[in-house]
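Next come two complexes built around chain A: one with chain B, the other with chain C.
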Partner chain A sequence: MIMVLLEVKNLSTHFFLKESRVRAVDDVCFTIDQGKTLGVAGESGCGKTTTALSIMRMLPPAGKIVNGEIFLDGVDLLKKSKEEMRKAKWKELSYVFQYAMNAFNPVMTVGEQIAEVIIEKENSKSKSGKKEAWKKVKESFEIVGLDPDRIKNYPHEFSGGMKQRAIIAMAMACDPKLLIADEPVTALDVIVEKKILKLLNEIQSNYNLGIMFITHDLSVIAESCDDVAIMYAGKMVEVGDASTVFHKGAHPYTRMLIRSFPSILGECKRIEPISGIPPDLANPPPGCRFHPRCPLATKECRKDIPPFEPFSTSRHHVACFHAGETIL
Partner chain B sequence: MDKLSLKGYISRRAFDSGFLLIITVIFNFVLFRIMPGNPALAVLGRTGQVRPEFRQVLQERYGTNLPIFDQFIIYIQRLLEGDLGVSFYYYPTEVSELIFGHRLLNTILLMGISILLSFVLAIIFGTIAASKFKSKTDLVSIFVTLTSYSTPVFWLGMLIIFYFFGQFHLIPLSGSPRIEDPKYADIFAWAIDYGYHLIGPVTTLTISFVGAWFLIARDQMLGIFLEDYITTARAKGLKERRVLFTHARKNAMLPMISVLAMAMTYLVSGATLTETVFSWDGLGLLTFDAVTYSDYPLLQGLFLLVAAVAIVSSFIADIIYAYLDPRIRY
Partner chain C sequence: MSSTTKILFTIKDLRKWFPTRTGLLDGIRRRQEYVRAVDDISFEIKQGEVVCLVGESGSGKTTAARLLLRLEDPTGGEIIYKGKDIAKVKERQIRKLRRHMQMIFQNPYESLDPRMTIYDVISEPLQVTNVFPKSETHKRVAKALEDVGLIPVSEFSIRFPHELSGGQRQRVSIARALVLDPEFIIADEPASMLDANTRIEILNLLQDLQAAYNMGILFITHDLAQARYLGHRIIILYLGKIVEKGNIDQVIQNPHHPYSKALISNIPVPDPDAKRERIEIEGEIPTAINLPPGCRFAPRCPFQFEKCIDEEPELMMKDGRYSACWLD
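And now, the complex of A and B:
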């Protein structure tokens, strides 16, 4: 029996600017199962990071969650008080940020920064508690393949790949149930990227960890994710298990996105970019937000917002009136 | 390995500072030799007649009749003995006696209190204003501090005297009580009166220092708040206090250390304008007199003291830097 770890229901996050309201995330639904990885993909600015920050409740001041529920292990995170949320952070869910290079404070040792969060979350300010925390830091270094003798090093003494490993060690320090990884490998070269992805997969199977993996690189998703969610302009357009989405993708955007990536093993053909640009989210087009760029768009698409409905299987959801139709 | 490189860093800095000090000593000698005229003539010319005993002392002390290189050797020898020469204006008082007496104490107390007060206030207000970026509090405090920063300090001092002495009778007019004064029964009576006299000049200097430092502190904090590691620290669900005072403060302190190190020279150079307005008998006022009366030996002594303090304080700042920021190992 697969247990649902994270359930996001009808999440809408808007940014309230001086004269406009940017609908960065609009009516988004998805789930992550225990011990599974959901890859979230989409163009820059489609709301991937905003969705993740909404789950962490770490939006910038202008951003407000206007609607929705976020259940982590059956508890609605949005109903928690600020203080409860602060306590839940890192213990229940942790976050690996985009910027691996600057995520550590340059004037504190890496070990110190991992130990402080263990001490805070385990509430072990006693001497033995601190000793225990440092022991855990060493263990976490071993888990991610770093030399435990280097816990007293400063961040600038680590290479990029080592920093990323240390960040994962820090994210795992308090045994969270969910890890949100926001472009964790974007800044790394492909060899280190591969190692980090392997490490994440190992940790996941050992600790039954749910991962929300944000990236714009479809090949990374194909390699490491169980499920895939495709976002476009603040909307979820297609969610399903990886092979279904990659091989039987039903939303025209999904299929065009896949076609716009080069394939190393497939036949040699010209990649096809998606023409046009994503819409201005302060003033999104009526109906389906993809219709101005969609070859299948009809009158209906311009008028009504397509519902996000099960398509081929109960786990495969698509928001399109023309799901599965052939693109010429 | 890290400890070793820190040691290397400190010894390199110490060497640099020593070298700089030697340069300063040489410069301090040369500066007054290349000035138009010569010290003896300046004194003799001022008095209009040659006083034989004066010329004798001058020649003995400075060897003004000797070649410049010999003069330099004598200057260095005397300096190593701690002898700064005799003041022209306060003849026959020794320069060292003039500087290292009650005047130094007066200036250190006045400047020390003002600097410390402004520094603490600037950091507190700077942090508050930065955490309330663009709020009313922020904008009002910027307006107030910019105004205080751009107000001429002597005018500010005069205003304070006019209102707080003249109108409200809250502070004494001016002066700096001396402990030797027989009117004080004991040291406490003197200390109370001294503190009372300090209020005016300290207020003036604090208002003028706080402005610039507030802006630096605020700016620094604002920059730090945007850093990724602060976001990480918040994501970790640390207490906001720990985010601010452990993660942000150590980084924000770095430029403030430079500010403080530069302010250390004020500690001995004093604030000439403020000391003049309040007739505060400190080194600032002494410098003013020394310039007015072309008292070269005295000026030379004062310059050397200020330069030495500047060098030593920037050396200390460098060590504090290395301690605060592990990346700094030149």
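And now, the complex of A and C:
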């Protein structure tokens, strides 16, 4: 029986600037099942990180969640008070930021920084509590494949891959149910990247963890995710299991995006990029936000917003009036 | 490409060792250690050819490129540019040659002066080198902007870098390199910081310009998919040594060296159902100090045997490509 861990319903997050309102995330719906990974992909500025920050309730001051519900294990995170939310972070859901591995405090040992999180979150400031916390730090090092003897090392003594492992150790230290990882492998070399992806997969199956994996690199998603969500200009355009989206993707944006990744397999043909640039979200085009760049766009697309509906299966959702039509 | 094509660069046993900082006692005892960033590498670049230099961070790719332009002085070896060894010639003479060889840097957010207009950025090389009459400056800048697709020229000339997108900024860097009519360009990860769609635009642009002006390009990247898309030949570096070089399709489809095999088999591909054999290797790339006497890759190599630890393998020709491995 598959249990839904995270359910995001009609989430809209807007940024209120002096003269304009930027619709960074607009009416987004998706779910993440227990023990599954959802890969969220799209060009920069499409709202991937804003969606994640909305779930964590960590938006910058100008950002406001104007609509929607976010259920984690049946509880609406948006109804929690600030204090309740603060307690939930790291214990219920944790977040690995983009470039987090460069955010270690250079004058504290890696172990101290992880212990700090555990002591704060488990409220164990007593002597025995601290001892317990350090035991947990060692365990968390083992989970991510780091030598537990290195908890007393400083961040500069770690390589890039090791720092990324340590960040994952920190995120896992309080046994969260959901892990949001924002571009966790982007700055890493191929072989280290593969190892970190493998590590995330292992942790996931051992702890039945739900993972939201944000990246702009579709190859990484193909490699490591069960489900895929494609975002464009603050809208969810397609969600489905990885195999369906990659092979039977129905939204023209999805298919054109997948096509724009050169591969080392198969023939090496010239790839034609998608023409134009993503729209200004302070002033998005009417109708479907992709229509100015879409080869299938018709009158309808310029006028009405396409609904986000089931397409081939109940799990495969697409927002397009021309879903599945051939692109010439 | 015919074998009669003009050779631009012949690199012979090129070496760059950086001395490590040592204490006073080590100085007295004459114990100086070196980081062997580039260690006796040899290759050629022909006119109109794209050679890809591939390797993980710390493999010496960027140092090798900087040596070619004499931005670093080599410790040893020859850099023969059109029949003349430029490894030891004086800085003043090098300056005259540099207009024929230009560089495109990785990060377009850092490589453009924020206080200069696009016109100033692109015309600066013309002023510095002073090889073309002043009256041509305007025409040449306009031509370079047109070549990289920043049209209308009059509109882009007066803009500042912050007004442009990442892809447009990278086009400016390319225009800056092109404005001197170079024969040779070094492109150091020119598309790695960009979104998939913009990346393809930049790679296509480089491909078109390369063909139009018959330039030689040394394309530095850690991404083999990008290398294959653009390149004719490939050089794979590990810890300052060439482990394999040859025709790019041959090497990617059938790598000989275990390191190349590991690198290629770990590249993520945009297909969740692709079944591939993976070669796993231990650890991460070490620093190039205190290298073992045998093969540099031996400590991580899954196929190593006695000979690998004792003796360093030479680059040997087999089936039309070179690899440095005792197993081959």
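Details
Going forward, the second predicted complex is superposed on the first by the 326 of 328 C-alpha atoms of A that agree within 3 Å, B and C clash if a C-alpha of one lies under 4 Å from a C-alpha of the other, contacts with A are read in each partner's own complex, and residues count from 1 in each chain.
FYI, a residue touches a chain if its C-beta (ideal position, glycine included) is under 8 Å from a C-beta of that chain, and two chains touch if they have at least 3 such contacts.
Note that this is a predicted model, so its numbers are computed, not measured.
Superposition of the two structures on chain A shows chain C fitting alongside chain B with no clash. Of the two partner chains placed by the overlay, only chain C lies in contact with A:Ile274; chain B stays clear of it. In the superposition on chain A, A:Val117 makes contact with chain B only, while chain C stays out of contact range.
Of the two partner chains placed around the shared chain by superposition, neither chain B nor chain C is touched by A:Val144.
By the touch criterion defined above, A:Val107 lies against chain B but remains apart from chain C after alignment on the C-alpha atoms of chain A.
Of the two partner chains, neither chain B nor chain C is touched by A:Cys320. Counting the residues of chain A that each partner touches, chain B and chain C differ, and the larger count belongs to C.
Measuring only between alpha carbons, the smallest separation of chain B from chain C in this overlay is 11 Å. Contacts of chain A with chain B, set against its contacts with chain C after fitting on chain A, share not one residue.
Note for the complex: chain A touches chain C at residues 43-44, 159-162, 189-194, 197, 216-220, 222-223, 225, 242-243, 246-247, 257-258, 260-265, 268, 270-274, 277.
Within the complex formed with chain A, the chain B residues making contact are 227-229, 231-239, 242, 246-247, 250-251, 324-327.
If you check the complex, the residues on chain A that touch chain B are 56, 58, 85-91, 94-95, 97, 99, 102-108, 116-117, 120-121, 154, 156, 170. Within the complex, the chain C residues that touch chain A are 56-57, 165, 195-201, 203-204, 207, 222-226, 228-229, 249, 252, 262-264, 266-274, 278, 281, 284-285.
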